[in-house]
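Here come two complexes built around subunit A, the first alongside subunit B, the second alongside subunit C.
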Partner chain A sequence: MELKKAATAGTMESGDVMVTLCPAQEGGVDLSLTSSVQQQFGRQIEAVIRDTLRKLGVEHAQVTAVDKGALDCTIRARVAAAVYRSAGETPERWEEL
Partner chain B sequence: MERRFVKDRLRRSMMFVPGNNPGMISDARIYGADSIMLDLEDSVAYTEKDAARLLVHNALKTLDFGRKEVVVRINDLASGLGVLDLEAIIPAGVQVVRLPKTDSAQDVADCEAEIARIERKHGIPEGATGMMAAIESARGVLNAQAIAAASDRLIGVALGAEDYVTDLKTTRADGTELLFARSMILNAARAAGIAALDTVYSDVNNEEGFLAEVALIRKLGFDGKSVINPRQIEPLHRSFVPSEKDLKKAYAVMEAIREANARGSGVASLNGKMIDKPVVTRAKRLIALAEAVEEVEEV
Partner chain C sequence: MIRLESCPAPPPARLEEYRRLLTACGLTDEGDGDQTVLAVEEETERLAACGTRRGDLLLQIAVGPCFRGEDLAARVLSALMAQAPGRPWMLCTKPENRRMFASLGFSPLAETADALLMEHRRGTMARFLSALPQFPGENGAVVCHCDPFTLGHRHLIAYAAARCAHLYVFVLSEDRGAVPAADRLQLVRQGTADLPNVTVAAGGPYFVSRATFPAYFIKDRSRVEAVRTDLDLALFGRQAAPALGIVRRFVGEEPYCPVTAAYNENMRRLLPAMGVAVEEIPRLGDISAGAVRRLWAQGNWEEVRSMVPETTYAWLRSHTPTGP
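Here is the complex of A and B:
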């Protein structure tokens, strides 16, 4: 999916993650993560974010994620919401998400 | 998760959980409600509908809600959002779709057609997804009988009182204003053989008022009630537990029936009074309720 503009999804509430995406032309995914559970789960959170972007066909982006202890399913949902918002699209192939 | 919905089950409490609040969604099962209702409608701001849909989709696919019934309240179809909601939640395995603002049997039929189309698209057995209809207007109340009978997928009908009283040009008060709607919905549900679920009691700090309302709906015959705060679940469930005295009487009735059958007599009596069929039906129902409560509370 082609990112077209900066977009954000999620909140700063406990159990959530706020994801901000900016389109980029090159350089892969530049990810900046801040998490209340960074020590224990930082690598896992980063892997989930990168995996979700990959599945949605996002190759280049600047990503800022502020995590407040979100579960993996929440991280996937927020990253996807930010991607769709940035691309100006609506999910259609739900079975692939 | 068990995908197929169950028509007849314990539904004392159906807890509303805002569909865009991941913390509340992940904690939902710990509060003990019989049904969890993830809400995509009124508790989600218009600008967050897209994010909530993705969140609920992922939660349904991933989280283990145990033996709770999982319901999702969608937006009404006329808003244009309802179909988008269905597209997201049906492939994720929702058990029951709660349709808001149901005014007619046609509303149920329209929603069912969309559900069936999406089930086919994803290779889900047609009929796997259940439905319930929330009635929230004078027109809906007057059409309650047709609504409750409009689909085999329906597990129940519910009253949504805030919109209903506004439609009536009144406000919520002591319950008198809801008596007609509750009676219509209850009779419609019973005629169709499905559950009748009462509206929320929004003043969470007024336990006395809440308990009075619960006692009233229990007396009327409702199966349960929607709740908006986990604090309301325990007192609600307590009100639905049969009293020891009633339960003893129910077992005595069943014992008298067994004895009469053993004697080959078609007539049973208890304490000198003949036991007729409705008494037996009520005794069986009370025992079934007590057993269902016991089973749920063992988990």
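Here is the complex of A and C:
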């Protein structure tokens, strides 16, 4: 999917993650992650974000994520929502993620 | 339950309560916000928390003493930031709140005695600066509005360029003047194109913007005592100067505007301690951008022409004055 504009999804409240995407032409996925559970789950969260972007066909993006202990399913949903908002598209099948 | 309300400014009915909440958190209402989010306790209609956005700056984030530990700062900030996704967000808070906002993804940019400026994505300002052409040696800087670019600005820039290895000219990016920001930038570029060691760049949110130095853009400039200039100067001294090798800042003398005069005075007081010398240059005759704007509005083309370069003159001739 092609990112067209900056978009955000989620919040910085406990149990949630706020994901902000900015379109980029190159440089892959440039991810900046802040997490309340960085020590324990930082790598896992990063892998989930990158995996979701890959499945949605996003190759290049500047991603800022502020995680407050979100579950993987929440992270996937927030990343996907931000991607769809950025692309200006409506999802047909969420379950693919 | 807490309900969030988003409004351009706190409604009059809530203003007193709003200011009380800020005072309880050691903050004051600076006014002039673009958007305010209020968190209201539904059962009692009490104001629980608040936050404001002004340009790219998030400020006056306050949570009432009875409502701490309920994640309200995070809710308010999320609501403010969702309104304009992907902005280079900065946040102004008190130094003691550093850890709380660090947990929300903010990292420090500059600090003064009673205020801390943070950015939301670490390295955003550093990337803004590293995207500019880099030059070795002892460089200088001029930060100017150039509304419009006059022979006075040209004199200041030429003087400065002759006294440093390379000169950065940062043109203010806010569209609050008589000439649009993109045109002002273009006119400075054209008017200094013959100076080989000058780089003209947009100041963005980092050089005298509504985020860093709001008073500059407020029409009523009499309340000098309430003016906050130290954050803008700390950002310049702590971030821009070391990144670009700037050791000297040049500024035009300001006999008219008390806010700019106060800014210049603070510059002389604060920047040398951060390794930046300040040089104030006397004005070139009676030339000022304000005078040019007045003459432009009057259609006094002969006088206008005596104060601006040909490129600015041509631009003014083909545009109708809108502002003061």
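The definition used in the following text is that the second predicted complex is superposed on the first by the 95 of 97 C-alpha atoms of A that agree within 3 Å, B and C clash if a C-alpha of one lies under 4 Å from a C-alpha of the other, contacts with A are read in each partner's own complex, and residues count from 1 in each chain.
In the analysis below, a contact is a pair of C-beta atoms (placed from the backbone, for glycine too) under 8 Å apart; a residue touches a chain by one contact, two chains touch by 3 or more.
The structure presented is a predicted model; accordingly, all values stated were derived computationally and were not measured.
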item	value
Superposed partners subunit B and subunit C on subunit A - clash or fit	fit
Which superposed partner A:C73 touches (first subunit B, second subunit C, both, neither)	first
Contacts of A:S14 with subunit B and subunit C, given as first, second, both or neither	both
Touching partner for A:S36 - first (subunit B), second (subunit C), both, neither	second
Touching partner for A:Q44 - first (subunit B), second (subunit C), both, neither	neither
Partner chain(s) touched by A:T64 [first = subunit B, second = subunit C, both, neither]	second
Which superposed partner A:C22 touches (first subunit B, second subunit C, both, neither)	second
First, second, both or neither for A:A6, with subunit B first and subunit C second	second
Spatial angle subunit C-subunit A-subunit B, Cα centroids [nearest 10 degrees]	120
Per-pair minimum CA distance [subunit C against subunit B, superposed on A] in Å	9
Touching both subunit C and subunit B, counted on subunit A across the two superposed complexes	10, 13-14, 85
Complex contact set, residues of subunit A against subunit C	5-8, 10-14, 18, 20-22, 32, 34, 36, 62, 64, 66, 68, 85
Subunit A residues touching subunit B - in the complex, by the definition given at the top	9-10, 13-16, 70-74, 76-78, 80-81, 84-85, 90-92, 94-95, 97
Interfacial residue positions of subunit B with respect to subunit A in the complex	21-24, 26-27, 50-51, 53-55, 57-59, 61-63, 84, 87-88, 91-92, 122
Contact footprint of subunit A on subunit C as seen in their complex	71, 74-75, 77-79, 81-82, 85-87, 102-105, 120-123
